[in-house]
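The data blocks that follow each hold one structure.
Two complexes come next, and they have one chain in common, subunit A, joined by subunit B in the first and subunit C in the second.
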Partner chain A sequence: MIQIRTVLKVLDNSGPKTARCIGILGPPKKFATVGNKIVVAAEGKVYHGIVACCKVEKKRPDGSFVRIDQNGVILVESNGKPVGNRVFGVLSDRVKQPEILSLGRVKTI
Partner chain B sequence: MNSQIRNIESAYIKDNIPSIQIGDLIKIGVFIKEGNKERIQYSEGIVISKHNAGINTTITMRRTLQGIGVERIYLIHSPKITSIKILKHFKIRRAKIFYIRNAKKLKEKI
Partner chain C sequence: MRLEKCYICSSTVYPGHGIEFVRNDAKVFRFCRSKCRKTFHMKRNPRYLRWTKAYRKSHGKEMAIDSTFEFERKRQRIQRYDRELVGRTIQAIQKVDAVRMKREKDYYKNRMKQANKQVQKTAVRELEKGISLIEPDILRMNEAVKARETVQQGVAMVERDQLSGSN
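After this line comes the complex of A and B, so read on.
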């Protein structure tokens, strides 16, 4: 459940370590979850981001849940191209964009 | 629980599941499908909570991946769960051990 003012950890090597959510893209809603696109501010600049992992549990179609210990984001430009060129850590399997999954060895859970 | 619900559920409850306790280090095999390929994925972890609800009994399993803690909640009577094996048992005196989430050194806490 990512909302405005949430501080997320940046999971790629684009430069900033943390980013703050300043908006949620798509139809109007209060919370963003894994796989959603958000607007973040990091080190004085504004980027888009894809939420990669979330502390609140997410239900899978088979009835199981996944909960990851951090809120993570991957910075992308407005056209969807990732800012960094390597991704670290654990991602959720909702992150399906091929330009992100192709950035090196990524562990999806 | 209602006896009628229990009668309906009894057809689907698995009887080959080991008795899982809090503090068990278990290895669970889950049937996953990647595209057209089907395979069994094994994962190890420690059971930190168990919720008893008949066929909807769930266990929460915690493991550390690349330095980040991941918790998974499984419905143990699901047909997607192929095997549960208990590797080790740690003596725990609680019903839920959520305090290990803040543990810097896990062995000291357990």
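After this line comes the complex of A and C, so read on.
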């Protein structure tokens, strides 16, 4: 559950280490979760970002829960192209953009 | 669907149970219940927790090395679905389980054989230490035995006299 003012860890090699969420894209909602697009501010610049992992437990179709240890974001330009070219850490398969999934090791969440 | 083992207690985690925790280094830990999950986050080592299988196996309480465990290893090879193979596998599972149960039972029996000697040693030591608690009872018992023997001797003497008297 990422909301405005949430500080996320940047999981790619674009430069900034952390980014703060300043808005959620798409239809108006309070929280963003894995796979959603958000607006982030990092090192004085504004980017879009895709939430890569989220600490809050996610329910799986079989009824079990998955929990990840960090809130992570992948920085992306407004047109959807990723800013960095490598993604570290946990990249969930709920991220639908293929140009981002190809940058890291995908985990089935 | 695959039945996984809990990272802490090694019990089976069935679908819909437990929590799967993905660490930042992408290592996955499965827990069967919140007890195990909380223990993990307390950074406890399952090898030192008596109620886990990891402890029991590392301390020789349960069979840890056996050829029957090889059958349960996860293989990276993907098998094409074959109905007969599945049927044979299910039968093999039952047979391997039966063999493993028997071997675990024998392991336990063997382990308990050593335990009997230990029980005897402890009993002797406890007797030596606590003999003062039951000394009065022992003395009373000995006296009762002696009294009974005296009575029996007396009875025997009387019977002999009677026999010699009647002759």
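FYI, the second predicted complex is superposed on the first by the 103 of 109 C-alpha atoms of A that agree within 3 Å, B and C clash if a C-alpha of one lies under 4 Å from a C-alpha of the other, contacts with A are read in each partner's own complex, and residues count from 1 in each chain.
One rule holds for everything that comes next: a contact is a pair of C-beta atoms (placed from the backbone, for glycine too) under 8 Å apart; a residue touches a chain by one contact, two chains touch by 3 or more.
Small disclaimer: the values here were computed from a predicted structure and weren't measured.
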Subunit C versus subunit B on the shared subunit A, clash or fit after superposition: clash
Touched partner set for A:Ile109, first subunit B, second subunit C, both or neither: both
Touching partner for A:Val90 - first (subunit B), second (subunit C), both, neither: both
Stretch in clash, subunit C with subunit B, out of 39-47, 57-65 or 93-101: 39-47
Residues of subunit A at both interfaces, subunit B in one complex, subunit C in the other: 53, 57, 62-70, 89-90, 107, 109
Complex contact set, residues of subunit B against subunit A: 65-75, 78, 80, 101
Subunit C - residues contacting subunit A, complex: 1, 13, 15-26, 28
Interface residues, subunit A side, partner subunit B - complex: 53, 57, 62-70, 88-90, 107, 109
Complex contacts: residues of subunit A adjacent to subunit C: 53, 57, 62-70, 89-90, 105, 107, 109
